[in-house]
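Below: one structure, written as structure tokens.
First chain written, first letter: the chains are A, B, C and D, and each begins at residue 1.
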Amino acid sequence: MSLLSNYLSVRKFSETICEPLQIEDYVVQPIEDVSPPKWHLGHTAWFFETFILKPNLIAYREFDPNYNYVFNSYYETVGARVIRTDRGNLSRPTVEDVYKYRAYVDEAMESFLCREPEESVKELLILGLNHEQQHQELLRYDIKYILGHNPLFPAYADEHIEQDLKVEDQVWLKVDAGVYEIGHEGNDFCFDNELGRHKVYLADFEISTSLVSNAEYLEFIEDKGYQDFKHWHAEAWDWVNTNKITAPLYWHFVDEEWLRYDLAGGLKPLKLEDAVTHISFYEAAAFASWKGMRLPTEFEWEIAAQKLDWGKLWEWTESSYLPYPGFSKAPGAIGEYNGKFMVSQKVLRGASVATSPNHKRLTYRNFFYPGLRWHYNGLRLSK
Amino acid sequence: MSLLSNYLSVRKFSETICEPLQIEDYVVQPIEDVSPPKWHLGHTAWFFETFILKPNLIAYREFDPNYNYVFNSYYETVGARVIRTDRGNLSRPTVEDVYKYRAYVDEAMESFLCREPEESVKELLILGLNHEQQHQELLRYDIKYILGHNPLFPAYADEHIEQDLKVEDQVWLKVDAGVYEIGHEGNDFCFDNELGRHKVYLADFEISTSLVSNAEYLEFIEDKGYQDFKHWHAEAWDWVNTNKITAPLYWHFVDEEWLRYDLAGGLKPLKLEDAVTHISFYEAAAFASWKGMRLPTEFEWEIAAQKLDWGKLWEWTESSYLPYPGFSKAPGAIGEYNGKFMVSQKVLRGASVATSPNHKRLTYRNFFYPGLRWHYNGLRLSK
Amino acid sequence: MSLLSNYLSVRKFSETICEPLQIEDYVVQPIEDVSPPKWHLGHTAWFFETFILKPNLIAYREFDPNYNYVFNSYYETVGARVIRTDRGNLSRPTVEDVYKYRAYVDEAMESFLCREPEESVKELLILGLNHEQQHQELLRYDIKYILGHNPLFPAYADEHIEQDLKVEDQVWLKVDAGVYEIGHEGNDFCFDNELGRHKVYLADFEISTSLVSNAEYLEFIEDKGYQDFKHWHAEAWDWVNTNKITAPLYWHFVDEEWLRYDLAGGLKPLKLEDAVTHISFYEAAAFASWKGMRLPTEFEWEIAAQKLDWGKLWEWTESSYLPYPGFSKAPGAIGEYNGKFMVSQKVLRGASVATSPNHKRLTYRNFFYPGLRWHYNGLRLSK
Amino acid sequence: MSLLSNYLSVRKFSETICEPLQIEDYVVQPIEDVSPPKWHLGHTAWFFETFILKPNLIAYREFDPNYNYVFNSYYETVGARVIRTDRGNLSRPTVEDVYKYRAYVDEAMESFLCREPEESVKELLILGLNHEQQHQELLRYDIKYILGHNPLFPAYADEHIEQDLKVEDQVWLKVDAGVYEIGHEGNDFCFDNELGRHKVYLADFEISTSLVSNAEYLEFIEDKGYQDFKHWHAEAWDWVNTNKITAPLYWHFVDEEWLRYDLAGGLKPLKLEDAVTHISFYEAAAFASWKGMRLPTEFEWEIAAQKLDWGKLWEWTESSYLPYPGFSKAPGAIGEYNGKFMVSQKVLRGASVATSPNHKRLTYRNFFYPGLRWHYNGLRLSK
């Protein structure tokens, strides 16, 4: 696929995800972690405008100078930004304006991509596309949160990504102790945090071939797992009690039955055979402790996954998100991409049903704070 | 005007106010005090559905049972409600749905009003219309807040209510000491908090015939009034410092010049001859103290206003919002209307350019917490 | 009594109140409103040092220049102060140091008072003594809070001020409508907020000759008064729910019985015949509403109290704390005494068992925020 | 040394540390992380009473049943506890009571230790002594915080532990790549988190033989390191700005000079040749980034430290505090000791001048949240 057609196809996909939305759905920000869908659409356009068009297309005229202020996310290098909790207070630019902005940027990009760009720009462009794919996945999470927390429980679409989360039968895969190689290899795109390729020593371990199911997780709930501090980290126990957590996100106990919000609309009975999802690291670790097992490290995961079927849900690991040996940040704004988050977060490995096509990689390192759970995550046991 | 045509004209006016809005503007709630415009539109329809149609129109079928949950404001009698800070997180019902809801309720009301309702229902209906007019004024405040806090400073309309705020020349009106009568008299509609009519003793006082102007207020700013604790109540001084307040709401100091957000779009130079507005009680009291004067009480105001020109801006008074002698709450949900707010708030008297037609009364008692200032208020000196 | 002996007797009484304390009791600040006893002792000495000795005794040498920083309360005129929530973090100066400071100041005051001071200084001195008496009453509240919130429920003293709170039989006193005079008259000391003497018009009213008893208040509790929003102001209802309030402060429901902390140590059964105390204005108003009655205004109280027995507990009134007609602040730091608190607080009238001798006056206006209840307050019904 | 004499000497040392304190210093809790010294003294006694005496000494009579409530720290197994932020609100038990409690427990322990206890009790006892030594170090931190944040800057003692923090000349130690063994070995006491001994692969690295000095850190400050987001993690940058951090804890910029609080009393000029201390992980990492270097991992540290001089300050590492392979918690309350903190914290290695004698170990893993800095920590560069 040419760079241009790749560009156009990625850009189009963001809009496809938003197609089922009403204008109002694009605007709200029910919690700080969730961004309004129109913000994602604007921000990803802003990325190309700011890092590709403005520095490289001499005659390029900015769509609207105020948009820099509105659509910057966290690139301190680039200047003041709307603070994150304010995103949901902005009724303007309208959704229509944002789509015009995207079309404007895309048209300029089309002109720009008539000629083969130089290597460094091409790299930035590919980064921009991967960046947009990450926001596509966030769009999935955020749209679900917006609809799934509305008291009317509106539908996203009849056909949707959650229809195939069934868990396979469990087998234990054994991996032998030894020195293994970790991290991205080769010339394909990867994020800076997947480099450099390096050796780790792993002790013997066993890992489950399947994700934990709703049925298994329900046993934990029914065994009063949420009421027994023994299974929980100290800060997790505070989190459970402060937030009165008693089940995964989107679960509702109605008339003695567990229901969950369904993207096809309304609350539906839990599918016991599906993989459990929308749990925090705290819950994943508490469940594992209750089972007398543990989560794999990200290194164990990367080695074992070569022989596993993976990719329906991001899998919480025991590993903290830290730099690999020899890690170095790129200079300038792009250098803010990953390194500055390398404290206090946990690594998730794999991919999910919400991950965009061609955005899946064995060495991919996703990361979230341990108390978050609005993303499509799950849990695989190790021992 | 017949009850029906009165009903239809009031109902229509809420929609007229919202006509210049984009769909997105209907949805957001930038601060707790501001409600999304679509919420005002839904809530005022809900009032008629809940208090008139459901109890009195036998065959009436609720538009949507979930709307009770979404559009109740604070009537604890009527059941659970969306907590106030959550209103801006609701993308559904959509704006279109809300307009359908209004049309549905209006059609049912038209049928209902074919026959003359009994007296108690008529009273409730008139209360409902006054209630909607109060929300019309809140709509004005909230729309201004939403647009005036957007970094793009979008226009509401070319012609708008702030174009005639010019202040008259100041004269001091003297009022003699004596026993005066306060409160509503006669059979016209009034709120319960304007009753009962009662006597108060007033000492001699003088009151200005004009509101304080931007020019005068600017002197206070330039004399460092915001930096001198002497003029401020203790809790006001905390408010100034915690919120870093240095000027009225909507004022911006740009390139050595004071600008203010303009409903016609953008930031425009301050009109010095206009009445100062969008100040808190704290600021009004501090300004009066700096002048060596004071605010009138609501009783002084009500007596003096018989000889004053008033009504461009709600005027802060020194009075706290308390029950008049003999005040009693109506039974049921309607009784929650006023009495439960009679603590910690200050009274404002008069009316404003945002007040709906026919919703102005000498005895009207408006009330806000002393730190609020997004409403159209102002200040008249007394001594 | 001479000025000097009056001075010495007031000063001594502060120390008498603290006599039963352990050193540790002097230090802690369990909530923002409560100050450490050693702080009260230091602050009242600081008042005489700062306003009498430093300006008037030429050769006076400050005890310790840092004490100005530590013991100023809220006199912005006098400079930076330890912020209020930090008072309980200061282990130094020690209790012994504070007593030395008091002795040092008292010795200097003795020299100073050998000669009759000029009139303006005398006035300041009398203000200082009244100020210290106010802190004596606060000491009573704060010591009770410190001991009564300790899980060991230690004793203050076997004989104490709460032993005589029995309520008399209830009779209704009728007062006729008319114009009455309010406020302090004559040359005795009063606070600026009791001036100027002025006329008010009062409608007919009736007022109870007795305070509400624990027995009556218990009926309110048992009738589920704390669970019925109808009786509560809107902000009171939030207060009840946020703080999970179900009874007056210091009450504990243990083994199906209501107990209360006893200054003689431990938890003891409630005395049903005693006046109810340690309730907020919110609770007082809710109780009155449940009874179908109301609280008196401070003006009604001042007129009626001429024929009532009063003074065991400060009585919540319906009145907000506002300036009397013609009120003006004194210049300088002393002017910060009262006026700056005249917003958002409620007036209490009377006096309490914790009030110091000779510090009781018909026209005295005490004031607290409506949600506070650690002071000795109570409730008298009106209708 | 016999078990008993070891017991008595450890117990004595806690009291020796507190000897210079005034009673008031034992009581306060200026921030949540700091506990009142009397609480440490009581809590360490409670440990022996609860885990040794009550289960093993048949005739043992509890000193005071309420003390369990007051002195439990975080052992959920053992029952309700005073919530952590309330510790500074408790004036009782008094300091004298706490010393009596210690004497009572020590006497009972002396009787108990007349006979050789069985192995499992002996292990618990040794854990108790190590636990007390940890609290001895915390006492050092907390006492410094209490005195060093008092506006009078009182002295702890003329001779004190900070007098020998001079940094050596810097040399770079090279370590070759390879598989190394990590974790405690042998039969001596260690905490559960130092087990099990396991292999790690390390790439080549270099590590400084000396800690970073105040002089070097000052360069970072003067190069505006605290104002340049580039060096900081995203959450660190929020921390710097929210808390307005501009230098290590206890540093004050007075009259154009950097001073620091001195345990001998008052503020003294910074000793440039001393190791920098009282910095957060965030600051350590930002400094390293500014230098173009990094912090060592705890594994690199443990291998390199065999050839390094270490022990004046706890050294921040890049490693998160996670379980070693095969880690398992002890059953019961003792199992809450370490495992439940294994999320969101960073590892520090080494020991400090505040560490108690015989409480220093190459494999010791200390851990704190990345934003804390009241402990004696420092920084060693790696590359």
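Heads up, the rule we're going with is that a contact is a pair of C-beta atoms (placed from the backbone, for glycine too) under 8 Å apart; a residue touches a chain by one contact, two chains touch by 3 or more.
Going by UniProt, the chains are A, B, C, D = Sulfatase maturase.
Because the structure is a prediction, the values reported are computed rather than measured.
K.L.:
Moving only from a chain to one it touches, give the least number of moves from chain B (Sulfatase maturase) to chain D (Sulfatase maturase).
P.N.:
When the steps are counted carefully, the minimum from chain B (Sulfatase maturase) to chain D (Sulfatase maturase) is 2.
K.L.:
If you tally the C-beta contacts for A-D and for C-D, which one comes out higher?
P.N.:
Counting C-beta pairs in contact, C-D comes out ahead.
K.L.:
Counting in whole Å, what is the centre-to-centre distance of chain A (Sulfatase maturase) and chain D (Sulfatase maturase), each centre being its mean C-alpha position?
P.N.:
37
K.L.:
Approximately how many whole Å separate the CA-defined centres of chain C (Sulfatase maturase) and chain D (Sulfatase maturase)?
P.N.:
For chain C (Sulfatase maturase) versus chain D (Sulfatase maturase), the centre distance works out to 44 Å.
K.L.:
Can you list the residues of chain B (Sulfatase maturase) that touch 2 or more other chains?
P.N.:
none
K.L.:
Using the touch definition from the top, list the residues of chain A (Sulfatase maturase) that touch chain B (Sulfatase maturase) in their complex.
P.N.:
22-30, 38, 66, 69-70, 82, 86, 88-95, 146-147, 149-152, 154
K.L.:
Which residues, counting only chain A (Sulfatase maturase), touch chain D (Sulfatase maturase) once they are in their complex?
P.N.:
74, 76, 177, 179, 198-201, 203, 229-230, 232-237, 281-282, 285, 294, 318-320, 322-323, 325-326, 335, 340-344, 346, 370
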